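Right after this note come the structures.
Both complexes shown next keep chain A, but they swap its partner, so chain B is in the first and chain C is in the second.
Now for the complex of A and B:
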């Protein structure tokens, strides 16, 4: 009551203020200085209009502006600027926001479809409800994606007209299919969402499948535009000497030679793969953050149980996608190196080398957060105590790997410290800053996290498989062998030349991937129909776990922003690498400090907006408004009972 | 009475705190802005000595030779061959190629001969993104010759490319 009166009072006050201001302005203008009446009368006799000095000044200025505009010849602008913020930062923030929402909109249907499919196969309604809960987040996010996409397009046209025109020259044939696919995506998305429960399960699954196909196709087209800017061509052995040659998709002047080579350029597929995986990890983490938000808002045990399970599934999706992400990153980096050593060296050893220390800190936090959440989750089940003794060892392994990964090769030191160390690198610790140590650390991190998941999966369960001892030992041997192989190549890497050392990353990656696959394949039959010591009590988890989920989502978002900076910044002073030079005042790569400020602002804007998405999505679960039912002029009815 | 921070405020603090922490990390690492290399002017009156100086400037700037690729006077695990003494040993690297021919080939066609123990990877420096002009490449060759040899390249020298 009181609150409504205050709000009403503020509204009235604001309205009165506007009226008073307008009236006061009018009064001042009407009563400004005028010439003496006798002189005015004389001018009127001569037919001259009365002009106050102010009006005369305005008229003179307008005349001067008009004359200047007429004298100025038309020139096509190459760049335009945005006051205070600058063109680059404007486009940077808009592009990143568009990308974050787009990643979410592409990822959520992927795992919503999989969860719905699992529910269909298992005939369990709870999966269907969970998939629907995830899908609720889509419609508002889709609008946000489209809005920022349009905003970004206008910003590019206005601020970088010549360069945007050039991209249109190259890619205009792809625009119509893009728009048509976007239209189809809207069609499938809304029919998938609003058609929930209105179609048969097979038809609904088909809609979800098509939504994913169309969404992926849209991303592939957009990826062609941006990867062309980094690698405008392909590599092919055209002279038959066994060494791939660079085949440019455009001439030296920038004219298009082959749309096919421009589209299917060198880094297109590595980016596609990296983005699909990263989108799923990011989407899972944001969906888990939504569940955490709803868990913290929950009033009943039933709600807490539902959103705890949803958060677990979202985080599970995020971590499962996150585990192979470093490998996709290796692949992308290797392809960038293969395309251009200059780009590769710039990325890993030049301007951006310190960025990867930041990246290590972020990914280390993600691993820590994910493991912490899993360990807390063991409390949902009876019998978790048995495995808790392993947690401290896992924590030590993860912390050590984190520390190794975040160790820079060259330390930030004062003059006296440099003198004491005998150089800018520490005599012992700098060995940990080399690629061999870092590759080893990240692979052991992945294995440790997988071990955490295995322990979580076994909590409160006892295998009844007849060969359980043999299979468990086989798992242990596979796990130990993979870890030993990773460490062996890590140490051996210090005793070989650089070309051989770089190649050691491949057996390290394959041994870890093989271990994950083999252990999973053994684990599935091993724990099928396992005896349970107690029921899983969803909702029985400390509230801090939910903040861990939100922290993971934040770190993912920040990581995506940071990697967006390095991917675009790699081109340095080129709009299109090696073809179109950036001649604007922004034709330089900003330092990491500035970049992290922009990324931070972008992340805060995104989380502000995703908070709105969460709030709007949560409205669907609230009771409907019913006038006159209760209280002051209105009340609430249960959902679905609106008058 | 136990004080409890309301949930929305906790969320806001978590978001702001985490973002501020990552941003702080970004401020404490070494900061480097990467600017396009300044233009290097070469004129017809330049002597071989002038070209050596210009070549040194190009190697660490527009030519990107010393930006993470080659080194001068370093040992240990290297990405690409160390250039110390290259002017002296260039004539003996490939049978049938003189010092000048070898240096020119290694810049225009770097994949033609790979120094044993190193991987292929260098791009022709007369093509984008490095895109040095023929005169700029002569300056780089003069600088390479000066590393353990006697520079003799002039702007009139025919490199055969």
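Now for the complex of A and C:
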């Protein structure tokens, strides 16, 4: 009670203080010095205004400011700053948000088109509906992408005007095609979305195909701008000695020598490949998260069944794209290393290498999450108990590989730990910190995940193929041989020089890819028209599986933010590596903790915004508003669009 | 054996054997796995694993065990049922009371143990190789680190005799200046090596010379410890900046010699 009275008293006091301050201010202004009446009359005769000393002071100040502004010569600003967060973080966050939405907008049409095509070939309407459900997410996301793109462009022009001008000097011929393609993308996207069911299937598929072609072309142009900043030139053996030489696209002062070399620069194609695959994985995971969001909101079994299936397909797309992603990432990293040993060492052995430990943790989580979702999915099928016994072994393999991948070469250690180890690396565990172990771990992770998928596919099904035993054994032999080959090269890598060891990554990758292809080719006829031992009950999956889908989407987004920072941050104090120095106050490389905080905040903002996208997309499935239908405020009618 | 603390490993394996023999339930196996791995990572190695790595491993273990326990309705039920029985059935009341005391006590002990670690200076994360600058100036000459190559390397094919002369000069420079620390056989084990921490680079190592361009080695020779980058400090290196004592030609010659002596070729620009 006393506390309430004190609070009330403070409130009253604050109110009275404000009133008193305002009144006092008014009183002082009303009673400030004024000139005598006679002088005022004389001034009025001369046509001069009456000014108090305070007003005169203000007028003098304004006149002085104006005179100073007129006297100041025009100067080109090199940099401008943003209070509190700084220019670098502002552009960083905006670029990342633009990229995340753009990746989603580019990826969804890719698999929506494929799903629609599958529906067209199989003549199954449910695929068509699913593709439309995915496409519904595009409209709002497209606007978000464009908004953040414009926001980023303005931020660059305002905050880094000189450098933006330089980029225009190099890439101005690419801007007009970019804008035209953007127009075309809008045209194809909206005709694809709004034209669903309005065109013939072939025409509609054509629109979807063109949407993908145009979207990919847009990305390729934008990739040239950003990869030029990292590798402003191409690799070519100009002296014919068999050793590639670096051909710079710009002069030492930064003047353009060849737009072609600037565009098709060293890291352009690696990043194109990496981004296409990563976009599909990311887009699939976000679409799966949307399905999970709708599943958790669902009120009927029918809705649950639909969104369970949608989540499964989204996650399937994500994982299929995710499996080759480490190879594409390895290729990109190898090309960065080949372009500049400074960048390569900085990335894999220097400060930025610590972020790869975080990357390992996130990718390990992704693999674990993807497998977990598949294992939970076995619960949809009746008769799924048979394969449960394998889960333990798959889990052990995945956890072991995860641990190997997350083992740092040099551990963060206290002084006494370093003294006990005799150095920064542990005598046994440091072997796990080397590339041989990492490559082996990721390849086995991929094989294990594929095995989980195969078990999921077989749950509740019985092959009726006449050679089923032989074919199953053949699959087992291919799988074991690939695993054995990967482990053999992994171990052998410790006994050869590093140049040979690096090349071992290639047979490891090929053996895994070959195994995936061969096993799939055998599996398709093996389980065609398979006998169903039980019915697949979509929607009959524990709710925790949907949180796993959201977790996977979150991990993908985080990973993109983190690795995007590594790629961009590697340039350190350079705008264009080796050509244009960043001389702004933000040119320093932030410490790793701060960088991860910026990435995390960006991920949170993205998920806040994608939540809005999900909500807006889900509105179309709600019942229409009808005034007076129920209660005094109106009600809702049946028959809202539910695609 | 294998750097393991065998008594710990044997005890943990024996407990696992007893659990298998007694056909322990899922919950017991999960608890055993986590505790056994904690004990193995903490005490199972002759040289202890740093706490940061133990934390990573136990995090992965915990996550994997949660996934396993909840990966099917049946398994989740198997895991949870003993806990439900412990809470609900009157015959377990004493055990439940013991657990209710033991869990906070364990948490309290953990806090006590965490607060009672001896104070020590923080350790420093070591980087594998220091990242070189994009260019450097040696004896008033600018060296582009991305494209610079040993100017005498091509003599190996073009003029073997001249190559031999440069090599011989490199040998002289090495055994006059470098072998004191890097050793007769370049194993990083020269007569002064035992007094240095970190120890000098071992040029026999397959993970050192072959993955570096000769410009990187030239940078290290010319600029030594004073030229190491700000990032990743402190390097604690004793390497002198040899540009103050040797000519550019001598530095490239010794560069040539250490590659030739170990039978390695410098990594070329554009080579993966």
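Methods note: the second predicted complex is superposed on the first by the 579 of 643 C-alpha atoms of A that agree within 3 Å, B and C clash if a C-alpha of one lies under 4 Å from a C-alpha of the other, contacts with A are read in each partner's own complex, and residues count from 1 in each chain.
By definition in this document, a residue touches a chain if its C-beta (ideal position, glycine included) is under 8 Å from a C-beta of that chain, and two chains touch if they have at least 3 such contacts.
Computed from a prediction, not measured in an experiment: that's the story for all the values here.
Enquirer: Put chain B and chain C onto chain A via the superposition and say whether they clash or fit.
Expert: clash
Enquirer: On the A-aligned overlay, A:429 touches which partner chain: chain B = first, chain C = second, or both, or neither?
Expert: second
Enquirer: According to the contact criterion defined above, which of chain B and chain C contacts more residues of chain A?
Expert: C
Enquirer: In the superposed arrangement, does A:354 touch chain B (first), chain C (second), both or neither?
Expert: Both partners.
Enquirer: Is A:130 contacted by the first partner chain B, the second partner chain C, both or neither?
Expert: Touch partners of A:130: none, neither chain B nor chain C.
Enquirer: Regarding the shared-chain residue A:376, is it in contact with chain B (first), chain C (second), both, or neither?
Expert: A:376 contacts chain C only, not chain B.
Enquirer: Of the two partner chains, chain B (first) and chain C (second), which one does A:346 touch, if any: first, second, both, or neither?
Expert: both
Enquirer: Examine A:337 and indicate which partner it touches, taking first as chain B and second as chain C; both and neither are also allowed.
Expert: Once the two structures are laid over each other on A, A:337 reaches both partners.
Enquirer: For A:589, select first, second, both or neither according to whether it touches chain B, chain C, the two together, or no partner.
Expert: Touch partners of A:589: chain B and chain C.
Enquirer: Let me test your reading of the model: by the given contact rule, A:297 touches which partner, first (chain B), second (chain C), both or neither?
Expert: A:297 contacts chain B only, not chain C.
Enquirer: Pick one for A:391: touches chain B only (first), chain C only (second), both, or neither.
Expert: A:391: touches chain C, not chain B.
Enquirer: Using the superposition described at the top, list the residues of chain A that contact chain B and also contact chain C.
Expert: In chain A, positions 243, 246, 337, 340-342, 345-346, 349-351, 354, 361, 408, 412, 496-499, 501-502, 574, 577-578, 589 sit in both the chain B and chain C interfaces.
Enquirer: So in the complex, which bits of chain B are touching chain A?
Expert: 7, 10-11, 14-16, 18-20, 22-23, 25-36, 64, 67-69, 77-79, 111, 117-123, 127-131
Enquirer: Would you tell me which residues of chain A are touching chain C in their complex?
Expert: Listed in rising order, the residues of chain A that touch chain C are 235, 243-246, 334-335, 337-342, 345-346, 348-351, 353-354, 361, 364-365, 368, 371-372, 375-376, 378-379, 384-385, 388, 391-392, 395, 398-399, 402-403, 406-418, 420-429, 434, 496-499, 501-502, 542, 544, 574, 577-578, 589.
Enquirer: Would you pull the chain C residues touching chain A in the complex into a rising list?
Expert: By the definition above, chain C touches chain A via 2-3, 45, 47-53, 56-57, 60-61, 63-64, 67-68, 70-76, 118, 120-135, 145-147, 198, 206-207, 210-213, 215-216, 231-232, 264, 267-272.
Enquirer: For a test of understanding, state which residues of chain A touch chain B in their complex under the given definition.
Expert: On the chain A side, the touching residues are 241, 243, 246, 252, 293, 296-297, 337, 340-342, 345-346, 349-351, 354, 357-358, 361-362, 408, 412, 496-499, 501-502, 547, 550-551, 554-555, 558, 572-574, 577-579, 587-593, 595-597, 599-600, 603-604, 607.
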